[in-house]
Each structure stands twice: as structure tokens, then as C-alpha cells.
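Each structure below appears as C-alpha cells.
Here subunit A shows up in two complexes: once beside subunit B, once beside subunit C.
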Partner chain A sequence: MTERMPNRDAAVLNLPNVLEVRGLNVHIATDDGELCAVADAAFSVRDGETLALVGESGAGKSMTALAVMRLAQSAAIRVSGEILLRTGEGEPLNLLALNAPAIRAVRGRLASMVFQEPMTSLNPVLRVGDQIAEAIVAHEAIGWPAARARALDLLRLVGIADAPARSRTFPHELSGGMRQRVMIAIALACRPRLLIADEPTTALDVTVQAQVLALIRSLQKELGMAVLFITHDLGVVAQIADRVAVMYAGRIVEEAPVRDLFAAPRHPYTQGLLRSMPNAGRAARSHRIAPIPGSMPSLARLPLGCAFHPRCERAEPGRCDAGVPALEAIGDLRAVRCWRWREPALAAAENG
Partner chain B sequence: MLRFIAWRLGRAALTVLLVLVGCFVAIRSAGSPVDILYPEDATPEQTALLEKQWGLDRSLPEQFGLYVANLARGDFGVSIIERRPVTHIYAEKLQPTLQLAGLALLIGVCVGIPLGAIAALRRGRAAARAAMALAFTGYAVPHFIIAIVLILIFSYHLNWLPSTGAASAWHYVLPAVTLALPLIAAIARYMRSTMLDVMNQDYVRTARAKGVAEPRVVTLHVMRNALLPLITVLGLEVAGLINGSLIVETVFSWPGLGKVLTGSVSRRDFPVLQFGVIAYAIAVVSINCLVDVLYAVADPRVRVES
Partner chain C sequence: MPARELIKAQQVSVSFEVRRAGWRRHAFQAVRAVDLTIGEGEVLALVGESGSGKTTLGRALLRLIEVSAGTIEFRGQLITGLAPAALRPLRREMQIIFQDPFASLDPRMRVGDIIAEGLRIHGVADAAARAARVAQLLAQVGLEPEHAWRFPHALSGGQRQRVGIARALALNPRFIVADEPVSSLDVSVQAQIINLLYELKEQLSLTLLFITHNLGVVRLIADRVAVMYLGRIVEIADTESLFERPAHPYTQTLLASIPLPDPNAKFEPVALAGEMPSALDPPSGCAFRTRCTRASAQCAALPPPLDKVRGGDAHSAACWHPIQF
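For the complex of A and B:
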């Protein structure tokens, strides 16, 4: 966890936002009425920066990512808000306002996505080289032979040896880690400004996981793109993120630079998450894992007030169960959504 | 691979043999062809002579053994009624049957696949639902009813299309459509359900995330994968098509194998019927083998395992 604690807060602040999300809501129609999977999400990712979106399954992380790519659209899903993607020159694109051909031109070219399941994310009947080349042909006036040649370069870029032979294989002939490398090659085919990685290492073995993380990190440095990294694993966050946004029951509850978040979490949920994390480093013997009691509420039955209050040891009746707190800015870089974050009990917990 | 093929062939041969035994016993227990060949007032001596001549006086196992021995020598027998080799009779009638079945298969595939695909892409809409309800009906109605309804409408009332024989191209329309309708229904229904399954696959989302245009997503990523399981279904449906063609050919007086075969049943022409059964069994079995091969060609995952 101490491997990489970037300290470039000041530098990061001056970079332009590649992605800026404002007031994003995702509603899903179900038989029991409409659920709010993502409520009023707001965050931004700057050039060359990695923002980690953290939370338990069902917190709305993946839905947020799919909404940004406009891949969450079906008859049952309603997305509203503003998703601004800066393309370099001129006004940023509001992705939610684009028509089908325009969003198609964004996907894979300006913004790409790597998914959680490498085993099922590649088409089983197409050769992997062609699946990479397809992403190039979709956006550039280029023939298939030239695109295939570039696919070979991309395979080399993601660290696959013997690229010509590998490009002719079918996905089932490759291991999970290899397939995820191919997925990354597809995502990077047109050198996007933004890479969204939705739990890209969750389905992989730990050693392969480390390789893929290192690959994403080095490629980000090389290509200078912004990365929105979605994970439930705080260990991964520590390795890859510059800033972190913690989600709970569809809302962002805390946002902070990664170093500050680990050193001094403000939201009781974040504090609970950190306490429930196994720590191999300092004081391993004296450090006891303390899980957060209870579980995240179903989106269909959210409690009144702060969604976390039934599990929060500092919840104050009449206040925390009455209204949803706002995401309050603390300085330039941090924000927290808690009624009681200023109170000494919470401040003391930082050091506890 | 060789062991796999040998095993498949052995199983296929066993299937054909079992079918043959079943047919052999069934037709002989139904009566003797002599009753049909000779008038009712024929003397017992006359019938006994004919039965001896055709070997019908022997025991069933004896007859069967003799028949199989002749088969092994390439002698498929002589028609009791027509007094000429059964192979000649079948050779004459093979072409019209193949043409009709082939045409029906072509219509079934060319209409059924797009219909199922469109129904999947427009699922939930009234037109797609109505089409699928109709397809379900088409699948449930037997061939002979479709044939009678079509003849009533298009031949009898409208007088647009001929209903008997194979004299012109127009004669192909009604029997081919009769055979094709249940096939269209089956293919469309299956295509729709596999399409819906594939549309939810992760790799389709990947294709969209790459920015691939929607027509290409639908054809290359969705349909290409949806067609794989359809190959298996198609093999089964072709076997059904062969069964159906027997009845449809009879209804439309089609000069094909169906008529030969049904005729041989009513006239108790044992050698003709037996050869027909063997030929149809071999056809169905080899189509199933062909399906396995096709599947291996179309799906790279199968290619490697075999």
C-alpha cells in the first residue's frame, strides 16, 4: 500500500478535466417501481490522472461507468445529468446529448472501457487480432491489412510475446490475463483520452492482477490518458489511484486524494472500510480486522436520511435519519457527505 | 478424431439396422402382398406358389437373414408389384423429391433467420409478438392441414396455383410452401431466442464500447454467434422435413419418393418399402453427421477440442 502514494495534488489541480460528470442520475424501472442506482453523482478526472471509484457491489460504480459510456441505455434505464468529455479543442462534448452516430464515434476513440470479465468480453468466434483491428477500422479511414498490422503493435504494447501468432488465435486459446491484455489493447487502439476500467483485475489471479495493474499504470504514463478505475479493492486503489471517490448506495460519500483518504478518512463508511481491510504491513498482529456491521441496503428499500446511518455507530437520531446530507467540500481537494464530519468524535477516529 | 468418426459411424449403422428390423417386422405382420396381387378367388395353391417364389413362406428370421445377405452383396431386391429392381424405381423419383425438399429448406432458412432476427431486435413490439404467435401456430399445425388449407385457398377458391403434379415451376409453390412453413416457424422461434441470449453477452457490449456501428454489431457479433446453435436445430428440422415430405408429396401427388414409399406400404411391396426405409434412415443419419462437421467448421471452440 505504501508502494505508491503520489503527491502531486497541486500539479493535478492545474490540469484540465478530461471527464466532468455533473448531477448524474441513473434510474432503473423494476416491477417494484423505479430505483435510483446512481443519485446526483459529480466527479471529474483530469488529464493523466487516475480516479478510483470505490464501493461494495451494488453501490452504483459500474452503473456510473456504463452511463458515462452511454452503454447503460435500455428501455428500463433512465440516465440524466451532464457528462462532459473534453476532446482537446473547443467546447466539451455532452455525451448524454449526443445522437447514436456521434456517441459511436466517441466510444473506443475518445473514451474506451475495459470490463470485469475477460473470459466473456471477447467474441468467441473472431480472432483476437481482428477484434483489435475492428476497433481501429471503426474510427479511422484505414484498410483491414493496415489495421491488422497496428493490432500487432498493440499486442506488443500490452506485453504479449509472439504477437503475429497470438493475433491469429481465438479468445478461448488464451488465459484470463492474456484476454484482459487483449481487452486493454482494444481499448487503447485509438489512443483514447479517457480509459474506464471496470474492475479489470477482479476476475484474475493475484499475480496476474499485479501485472495488469502495472500495465495500465505504465500505459497511462506513456499515453497520458485519464483513467476512471472502478474497484471494490482498497489494496488496488492504493496501487493505482491518484484520487478516490467512495460510493455507497448510489451516492458518492467521500472524495479525496488517495494519500489523504488512507491517512485521514472523514466519512464513517470510509473509516469502516479501512478498518475492515487486512493489513499485511505494520502491526499485523495487533491489527484486528473489524467488519462494518450489517450490509448495504437494497436500492429498493433505502432508509430515510443518510443511507449509511443504520450501520453507522455515530448516527444521531433525528438528524442522520431525517435528511440526506450534501456532499460538502473540505478545501480544494476533498469532499464528504456526512452530517457530523466536523464533530470531534469523528476527528478523533482518524487517529484511532 | 478418427475414433470419434468410427464411433459415430458405428452408432449410425446400428440406428439404420434397428430401423430396418422394426420396419421388417411391422410390415410383415400387417399382411401378405399376395392378398393384393391376386383376386380374392385365387386358389390356396396359387397363393402358396407365389409366397414360395418370393420366399414369404419362410420364417421371419430366415427372411431377414436372406435380405441382409443380399444387401451385403449389393442386391437391394426387386419390386413385387413392378417386377424391376427397387434401385431403378428410386433413382427415377429421387430428383423431384430432392428439388422439393431443397427448395423448402432454402425458403425456411432465408425467411426464418431474418424473421427471427427481426423479432429479437424488435422484441416487445406488437408486430414482433404477433409474428411469433403466428410462428408458434405454424409449428404446431401438421403438414397435411397446411396443405389442405393452401389448396383450398390458392387452388380451389382463387385458382391461382396448381395443386397436383410437377409439370411446371408453378407446381412447386404450394408443396414447397407447405413444407417450408413449419420450418420457417421453427427456425424463426429458435433464432429469436438465441439472438436474445447473445444480445446480452458481454462481448456484444464490448463491440459497442469499441464504437462498432450497430449494423455490424448485429450481423457480425450477434447473428454470427446466434447461428451456431441454430445449425444443430437445422439438422433436426431437416429430419422433420424428410418425414414431412412423405405426406406432402402424397397430398400434392408429387412424382417423388414419398409417393413411392406410401404406395409401397398400401401395396405391401416389401422390397420397395425396406429400401426406402434404409435410404431415409441413412439420409437422416448422414445429415446429423454433416451437422456435427458443419458445427466444427463454424465454431473455433469445437475445432480445437476435436
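For the complex of A and C:
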């Protein structure tokens, strides 16, 4: 944990995409009509890379993750687009085209997910060792004794001391940090190529969070998997991500390598978020912080044009409230969804 | 610290009775022998992880929870042991803002009635006077007059927390305990509420006890910080002194665990051994010793007193082997 993984190097760019999402839309039918929870999302995650999906509540980040895992399944939810999972040589799997048995074979084996609240995600009446072994038995031609032995190895891998004793405990006997380690052990049981972590440390105390972040980072290094990390915490993003996609009201508004994003955010929303984040790492110059006025609109009442324009100090009437800007590429690594990103006022405010 | 003391807590302990296997009663000490003084006009941050006793201590200072030992003075008047009728006038002076603006506002009451409830209880009988005060408070917290007629569910999280603040301010309190007031809010809205609280504190010369686990917010607004671990204050100091030169090994670990919003910052959290011990069965001596790399035999034998670590400044730590700078 002494250095960040140097994944921003050009060499990584040549690695294949494990996950590639194109034109993902998630529509939810409600009494007030159909909402668009995720609109035209496109991103990719490479081998050994961590992409952080950042946004405030209701931005659509969890819905994106659930859609990728094909867990956004309900009569009221309509998912369209392409979700390609490349698992080796040959053609990638389009997860949206798979039937139920085929997607079950993917979940937990090729792609796994860790959720925010480990207590509600674990089975309360099953010993944790058996829950891990169950994941292995479900996907591999292996007997229970061998699977239980692998479960012990996994408990050791996620840093749980005295694994044989712990494997016989029930979830309620473990602390929050321990439970999240067990969740990670289950997710990693079949060595997936893609790990989706949805706010995995949000419910944890800061010292425990630090340990779980360190664990995810070291396991990623060891196993070389792609990680899609969903969070609202810009501190966590800065410390764990290689690249970042910022979501606002269902759309990705900016994408950039982590250092570029923090050094020179292009979208006014990203700029506002970074300015409104109190930093424990430096003395406060004043007791004030620059907030973004207003709050994120409800998906049921999205403003016309750019969804951020009512809160944006640089919104231009007739343009920003008229059409939704496209996600425009800036070079190979960055993209921004703003009508006015080229204009000097925005560029000058980068470090504000 | 300003010369005048507003709150003075001495040797305050709070115990709860819990039952474990066999129906035996156990005393669970959430707060243990805490000494704490808050100066008038000060912003004191109380930080610690879940189960450290920070919320219990905050509520005990307002006598929302009874202490099991120790004394609390408010402006020199002893409030522990005061009969409810005698306490009531003092209640106007001490208010609380809760963490969850969704749970702390009555969903069946209109915003105006929620804010006016305290006025009514404390004898502002004239409805017109109450309405005028509500309008003034709404403006003060950045809401519109028509918000008085809305129900809480029609407001956003940030707006609800503004209502919670208006309610706390209604009776012109001197002292406010803000218990994780921004933890359930999104970052962009959180900044609005922090600014509002600080501006109100300046305008109305309030004294704030700010309970939080968000150390970024602490560094932004607190004058002093007290760190709690398993019911005890383990370190208390001026904000910059604490962040720059933590003396207690637990504080040091806590600070190193914060992921800073800067990709170039070094993130080198110290892995703590084991987990926070149960408060039902805390270790002897220093409660942190089971996880501390500096622990010695002395740490197991005696709990360290909260003593000045450096001559001249107001920086104290409860540690037998404090970190020297």
C-alpha cells in the first residue's frame, strides 16, 4: 500500500478491455411515466485496471452496475445497449443477449459483485465458510470437502486470522469489516475477471475502510482483475481509481485518468464537486467551502438540455437549456459532456 | 479557548443496562469518566468511530440521557440532578440537530408547525408572533416563506436539514449539539449546510459541539477537536495541532486512514491489529493497548490520564507513551 499502482502508463492502454459497455440505457416504468435512470452510458475497464464510477445519490451509478450484472431485472425495468465481457480468446460475451442459465454461469465465475451492506447480502443462517464454498460448488466440478478447503484459503487471502474457526461462524458474529471481507472472499471465490464493488466501504468506519481498500488493491494486483468501483467519496476515488467516470442525473458527464481529473476537471459539475469537498489533508484557509447551489434534479423532472444547467454558473441560455450535449472525446483518454468546455472561462477555473 | 466556560463536564460516565445470555444484567459503559470544557463561541468537534460514545456524550451534555456519574455545569449552573421543571428554562438554551433529516422531522406536521413547536411549548402563545418568528427562521436558513406550508416529504435532504436547523434555532439557544448533521447529505449539498451552520454560529454567537466522523469537515470548521475511543476522550487539542502533531497512537492511525481527495497524496494507512474491543468487556488500563504498537506493561496496568503533552499549548492526550514531535 505504499505506492499507487502505476496503471496510468501507456502500456496499460494496450491491454484488452475486460468490460466494454456501449450505449447502455436503463428505463424504469413508474406511475408518472418512464424514467431514464441511465442514459447512453459507455465505458470500458481493462485488465488490472480500476474504473471509479462517481456520483451523488440518484446519479445512476448503482443502476449501471446492476444492469451490467443483469441484476436490474424487473417487469418495470427495460435495459438496452451492449455489455461485452471479454473472458479470453475469441468473441466477447454480450451479457444482455444471454439467457438465464448462461448469465448465472457468468455471475460469480467471470464477474462478481460486492455490495454496500454486507449484513443484508450474506445469508444469516449459513456459516460463512459454507457460503464461500457454495459459490465454488455452484461453478466448478468440485466436491464440498475440497470447496471448504478452498474457502479457508480465501478467508486467509482476505486477511482473516484464524480462518478455520472463523469459517464456522455466522455473519452476525462478525464485525462489519469482517463481513465485508467475507463478501469479498465470496466474490473472488472463482477468480473472476471483473469485480464490481458498489460502495463497498461506505458503511464502514474509516480505519476499517482503509483496510478494505488496501485489501481490494492488493488482491487486484495479485489476481490482475478489472475492477469497477462505485462510490460517492472523492477521497476513495483519489486513492483507488486509475480512471474515473463522473455521473450526473443518469449520464456520464466526464471521464478522465484520476490525476488529470483532480488536477484539471473539465466539467463544471466535476469542478464544483472537487471544490465542495473538505480536505482533511490541509489546513483550512477560511471556514468556508464553495458549494454547488441547489441539488440534483429528480429523474422524473429532468430539466431540458444539459441536466446540470440550472445549477451551473456558466450555463448559457438558448444553448445549455436547449439540447443535451454529447460526450465529446478530448484526446485518447478524456471525454466531457458540456457545451462550453472549450471556452476560456471554464479552462481558467480548472484549479479554482 | 475563550476564557468563559459554557459547558463543563467532570468525570461524566453513562452506563446502559444490557442483558446477555442467562438474563444476567450487565452494565455497559458508553462514556467513561470524561472531563470536557467547551468555551463560549467555540466550535468543538467530537470525533471517533461507531461505538466510541460520541453521540451518547453529546446527548448527556444536553441531559437528553442521564449520566450515571459525574457532573455537568452549564454557564456555571449544575444541571445534573436538576429537577425537570427547573431544567425546562435551560432547555431553551441547549438544542440539538440530528443526523438524519428524514427520520427527525414528523412526517405528518407541516414545516411551519415543526419549527414553531418549541415556541409553543416554551410559551410563545401568540400565533402571529410564532408565524413571524417562523418566517424569520426560514429566511435565516435559506428557505422560502412558502416552505412553511409544505410537509417534510416534499423537501430534498438539504432542505430538510435546513428545517432541522431552523427548529434548533427557534428559541435562541446558546449551545447546539450537531450530531452528524451532514453525514446523510450528498457532497455538493453538504457544503451548503456546513457553510450555513458556520455563518449562523458567527451571526448568533453560538457554541457548537460538532459530532462527526468526517475529518475533512472537522479541519474546515472546528476550533478544537476531541477524539474518543471506547467511551473515553483519548486526545483533545486545537485543530491544527491535532492534525499536524497527533500525540495519541489512535489519533495518528485515524488520520492516516483518511483517503484524501488528492491522487498525489500518500495513502499509507496503518493496519490496526484486531478489532475494536467490546465495550461490555473493555481491556484493562488503556482501552487501545490491545491494538497499539507502543503498548507496554504499564498500559495494561493503569488507564492513562488525559494530560498535557506539550507545555504551553492546550494539547492533551491519554497515553503513557505519546508520540513526540
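Here, the second predicted complex is superposed on the first by the 338 of 352 C-alpha atoms of A that agree within 3 Å, B and C clash if a C-alpha of one lies under 4 Å from a C-alpha of the other, contacts with A are read in each partner's own complex, and residues count from 1 in each chain.
Criterion: a residue touches a chain if its C-beta (ideal position, glycine included) is under 8 Å from a C-beta of that chain, and two chains touch if they have at least 3 such contacts.
Note that the structure is predicted; figures quoted are calculated from it, not measured.
Clash-free side-by-side placement of subunit B and subunit C is the outcome of superposition onto subunit A.
In the superposition on chain A, contact of A:Ser57 is made with subunit C only, not with subunit B. Within the superposed three-chain model, A:Ala141 lies out of touch with both subunit B and subunit C [touch as defined at top].
Looking at the shared chain after the overlay, A:Phe115 reaches subunit B, while subunit C stays out of its contact range.
Of the two partner chains placed by superposition, only subunit C is touched by A:Leu234; subunit B is not. More residues of subunit A lie in touch with C than with the remaining chain of the pair subunit B and subunit C. Contacts of A:Asn123 after superposition: subunit B is touched, whereas subunit C is not reached. Superposition on the common chain places the nearest Cα atoms of subunit B and subunit C 5 Å from each other.
Overlaid on A, the two complexes show subunit B and subunit C touching no common residue of subunit A.
Per the touch definition, subunit C reaches subunit A in the complex via residues 49-50, 156-158, 186-192, 194-195, 198, 213-221, 240, 243, 253-269, 271-272, 275-276. In the complex of the two chains, the subunit A residues touching subunit B come out as 69, 71, 75, 100, 104-109, 112-113, 115, 117, 120-126, 134-135, 138-139, 170, 172-173, 183, 186-187, 189. Put simply, subunit A touches subunit C in their complex at residues 1-2, 4, 56-57, 175, 177-178, 205-211, 213-214, 232-240, 258-259, 262, 272-274, 276-284, 287-293, 295-296. For subunit B in complex with subunit A, the residues that touch the partner chain are 124, 201-203, 205-214, 220-221, 224-225, 228, 298-301, 304.
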